[in-house]
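Read through the structures below before going on.
First chain A sits with chain B, and in the next complex the same chain sits with chain C.
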Partner chain A sequence: MKCRRCEEQAVVEVRHAHAAYCPTCFVERCREQVSRAIGEHRMIRSGEKVLVAVSGGKDSLAVWDLLLDLGYPADGVYLGLGIGGYSDRSGDCARAFAERRGATLIEIDLASEVGFTIPQAANTRRMPCSACGLAKRHLLNKTALDHGYDVLVTGHNLDDEVAVLFGNTLQWNMPYLARQRPALPESSGFARRVKPLVRLTERETAAYCVIRRIDYIVEECPMASGNRHLLYKELLNTLEERDPGAKATFLNGFADRVAPLLDDLAAQERDSVGTCSRCGSPTTAEVCAFCRLRDQATRPPRRRKKRRRDRSVHAEESPVTGGESRRP
Partner chain B sequence: MKIRLHNPRREVETTGPLRASDLCKQLGLNRESVLLIRGDELVTGDALLQEEDVVEVRPVISGG
Partner chain C sequence: MKCRRCEEQAVVEVRHAHAAYCPTCFVERCREQVSRAIGEHRMIRSGEKVLVAVSGGKDSLAVWDLLLDLGYPADGVYLGLGIGGYSDRSGDCARAFAERRGATLIEIDLASEVGFTIPQAANTRRMPCSACGLAKRHLLNKTALDHGYDVLVTGHNLDDEVAVLFGNTLQWNMPYLARQRPALPESSGFARRVKPLVRLTERETAAYCVIRRIDYIVEECPMASGNRHLLYKELLNTLEERDPGAKATFLNGFADRVAPLLDDLAAQERDSVGTCSRCGSPTTAEVCAFCRLRDQATRPPRRRKKRRRDRSVHAEESPVTGGESRRP
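Right after this comes the complex of A and B.
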């Protein structure tokens, strides 16, 4: 197979684009796709301070690498989730990358910062990935604001977005659908959150890392089993194999034709946000979902059962601020 | 040839020469969900893998 652009030997096929590329042209294509996403959704404006949420996985390291090469002097933030050897190894990947690129990496350790780890948070009634996602969104947003960054970048790729869209559509979850955007504007208490990899599939970001010799954590998080989005991704790839381009068509059709119809709902959700009486974070409840998670995760195990009944009196969290049905 | 698999990490043997896309079929894997890496270079589905090759089958789907 020959490269579509230069006729050299190709190393990676992009079936939904009916093309294959050599390493040099593939990297160039990834940069173009990221530039295009940033431009189309006005993700980053010149002179803004950019913070990348770095997990040590392929997507976050790829997006950091791409932003640096595109001339954005982005810093990274790594959250130590306390998931045993998995966290140790992913932290090593993040640190090694930062060192290789001479970039700044802020490190936040959950156990010392908020008093619990993800395995402890998974001992509550939340599913592990839901608790983890909530903690990550809260802490990443807080770090971005505390350190004066204008924009928080995450490594969500096309497959992540398609899986979330698929899940939210299966449930016709209108508030969640209303806020599914490649760029969520800044609002009171929130930094702008953007997803520059939204035009690249998971297979493309992994190929990018292999070609760029970026050492990322390949092993699966031990707490991911049972994660519904993994199942959706497999289903969607079965569809994609038979009908290349199906995933992008689904996502782009939503963005072009459905999302604009939900603008009012998105604005309504944003307007209903107040502040948490405990930590000051944005929330639609009296106490935000993160503070409630922290209470549950740090409570001594014996008393947990008794207090569980009290929880039903709390107002349910709006999807604007927590409880989002998605992986982070 | 040696085939390295992940999650869990293990190694299996198969006989070359073999097309990369046929290796995926043999292993029952969706080509959208994996990358094939010979030595340390990516290969496309039409690549002919040889008996002496070491091939990593790297999953690309991640849950977190």
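Right after this comes the complex of A and C.
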């Protein structure tokens, strides 16, 4: 195969675009796709302070690298979740990248800063990924606001977005569908949150890291097995293989024809937000879900209620666990 | 396993209901589910003339049998599609059932009545199942109206409905989503069309036929291989196995929370219908899709355009091919 752009030997095939690229043109293409996503959804404006949520995985390191190369002076934030060796190794990848690029990395260690780890939080009535997603959304938003950042960037790629949309559609979770967008505007108590990788697939971000020699953590989180998000990705991959283009049709059709119908619902949800009586974070309840999670996770073992793993979806829980923002 | 109702030996397990039944109680349960669907969606009113679309498969024969046993004096209509031995065998099943129950079966032979068979129609630019669905919808509706029936019954079961919804959702086909309901009201040029099996799965209708000793055609239509509807069913079965109850959550959530949002769109579509200048059937075009299909299918071979099998969805074509009604 030859590169679509320069006719050199191609190394990466981008099937959904019916094209293949050499390393240089592929990296160039990734930059263009990110630039285009940022422009289309007005994700970052000139002079804004940008914070990237960095897990040490391929997507978050790729988006950080791409933003830096596109001239955005982006800092990173890494949450130490306390998931044993997995957390150690992912932290190492995040730190090594920051050092190599001479970029600032803020580190938040859950155990010392909020008094519990994700394995402890998972020991509550929540599914592990649900507890983790809630803690991450809360702490990333808080860090962005506390440090005066305008925009919080996450590494969600096209496959993540499609899987989250798929999960929320299978349950017709209207409030979650209403806020499924590549860019969520800032609102009272929330930094703007944006997903510049929304035009790139998982395969593309992995190829980008390989070509750019970015060392990322390859292993899946050991607590994520059985996660419904992974099942959705598997089903969607089977669909895409048998009906190429199906993922993009699904995601783009939603953005074009359904999201506009849900604008009113999104606005209603935004208007219903108050502040947590304990920590001041935005919430629709008296005490926010994060404070309640902390209560449960730090309760002495004897008083802890038996953990249930039912499939019912609670108002503030994530039916899908891809780290999707849960804010109105 | 014991029967949930009478404690006799159970022979059918209904997983999504977490129950098992003996033959007698299972048949009783099927009748109740059909009765409930008819009542909930006001499918059939007292004294109305009922016509069942009969293919010779398990679903159409089961629904006909159930309606007769529930006291509805339903007649059947069988379309001879001209698909070789498959059509011969399915016709035999339909005729044998009608004779056994002493019921009236109207037969429409496509070759002699409209001048083409489904294999000939499939030899146009359409996908085979799309051409077949279009011809069936047209001819079944026409037969119902010509013979003065109030209601046209089809054998779509829960799995069919979920697969059609899934396909239309993956493409966010809003007009099709707007008319996805268990009962489509009568309107200008259209008989009411209802799906009384919407509360029973494919496994349940098959078990019903076995218990009731109804001889049905087991083989899949030979022209349906590669049909996207079958792929959707496969994906949904994998989902249901890993996340039991997912199908019902998807279908019921749509009916409860999304269908009401699409009422205006459904009404708009209804209002835009005119009549075909050639056959007088309802259509939004000058000449209806059926007349155009007939032109293509009966055109001499030399003038026939090269058949294309692209994946684009045309305004009046079915993106899914489960025989879903395409009317506003």
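Everything that follows uses one rule, which is that the second predicted complex is superposed on the first by the 305 of 328 C-alpha atoms of A that agree within 3 Å, B and C clash if a C-alpha of one lies under 4 Å from a C-alpha of the other, contacts with A are read in each partner's own complex, and residues count from 1 in each chain.
FYI, contacts are C-beta pairs under 8 Å (C-beta built on N, C-alpha and C of every residue); 3 or more make two chains touch, one makes a residue touch a chain.
A quick note: this is a predicted structure, and the numbers were derived from the prediction, not measured.
Q: Of the partners chain B and chain C, which touch A:G253 in the superposed model: first, second, both, neither?
A: Touch status of A:G253: second partner only.
Q: For A:Q171, select first, second, both or neither according to whether it touches chain B, chain C, the two together, or no partner.
A: second
Q: Per the overlay, which chain contacts more chain A residues, chain B or chain C?
A: B
Q: I'd like to know which partner A:I38 touches here: chain B for first, chain C for second, both or neither.
A: neither
Q: Given the touch rule stated above, what does A:L235 touch, chain B (first), chain C (second), both, or neither?
A: A:L235 sits against chain C, while chain B stays out of touch.
Q: For A:M1, decide between first (touching chain B), second (touching chain C), both and neither.
A: Touch partner of A:M1: chain B, not chain C.
Q: Which of the two partners, first being chain B and second being chain C, lies in contact with A:E220: first, second, both, or neither?
A: first
Q: Once the structures are superposed on A, label A:L140 by its partner contacts, choosing first (chain B), second (chain C), both or neither.
A: neither
Q: From the superposed pair, tell me which chain A residues show up as contacts to chain B and also as contacts to chain C.
A: 238
Q: What residues on chain B touch chain A, complex-wise?
A: 6-7, 9, 30-33, 35, 37, 40-46, 58-64
Q: Using the touch definition from the top, list the residues of chain A that touch chain B in their complex.
A: 1, 10-13, 15, 20, 23, 55, 57-59, 129, 132, 159, 201-203, 205-207, 210-211, 218-221, 223-225, 227, 229-230, 233-234, 237-238, 240-241, 327-328
Q: Name, in rising order, each residue of chain C that touches chain A in their complex.
A: Within the complex, chain C touches chain A at residues 169-172, 174, 228, 231, 235, 238-239, 242-243, 245-246, 249-250, 253-254, 256-258, 261, 311.
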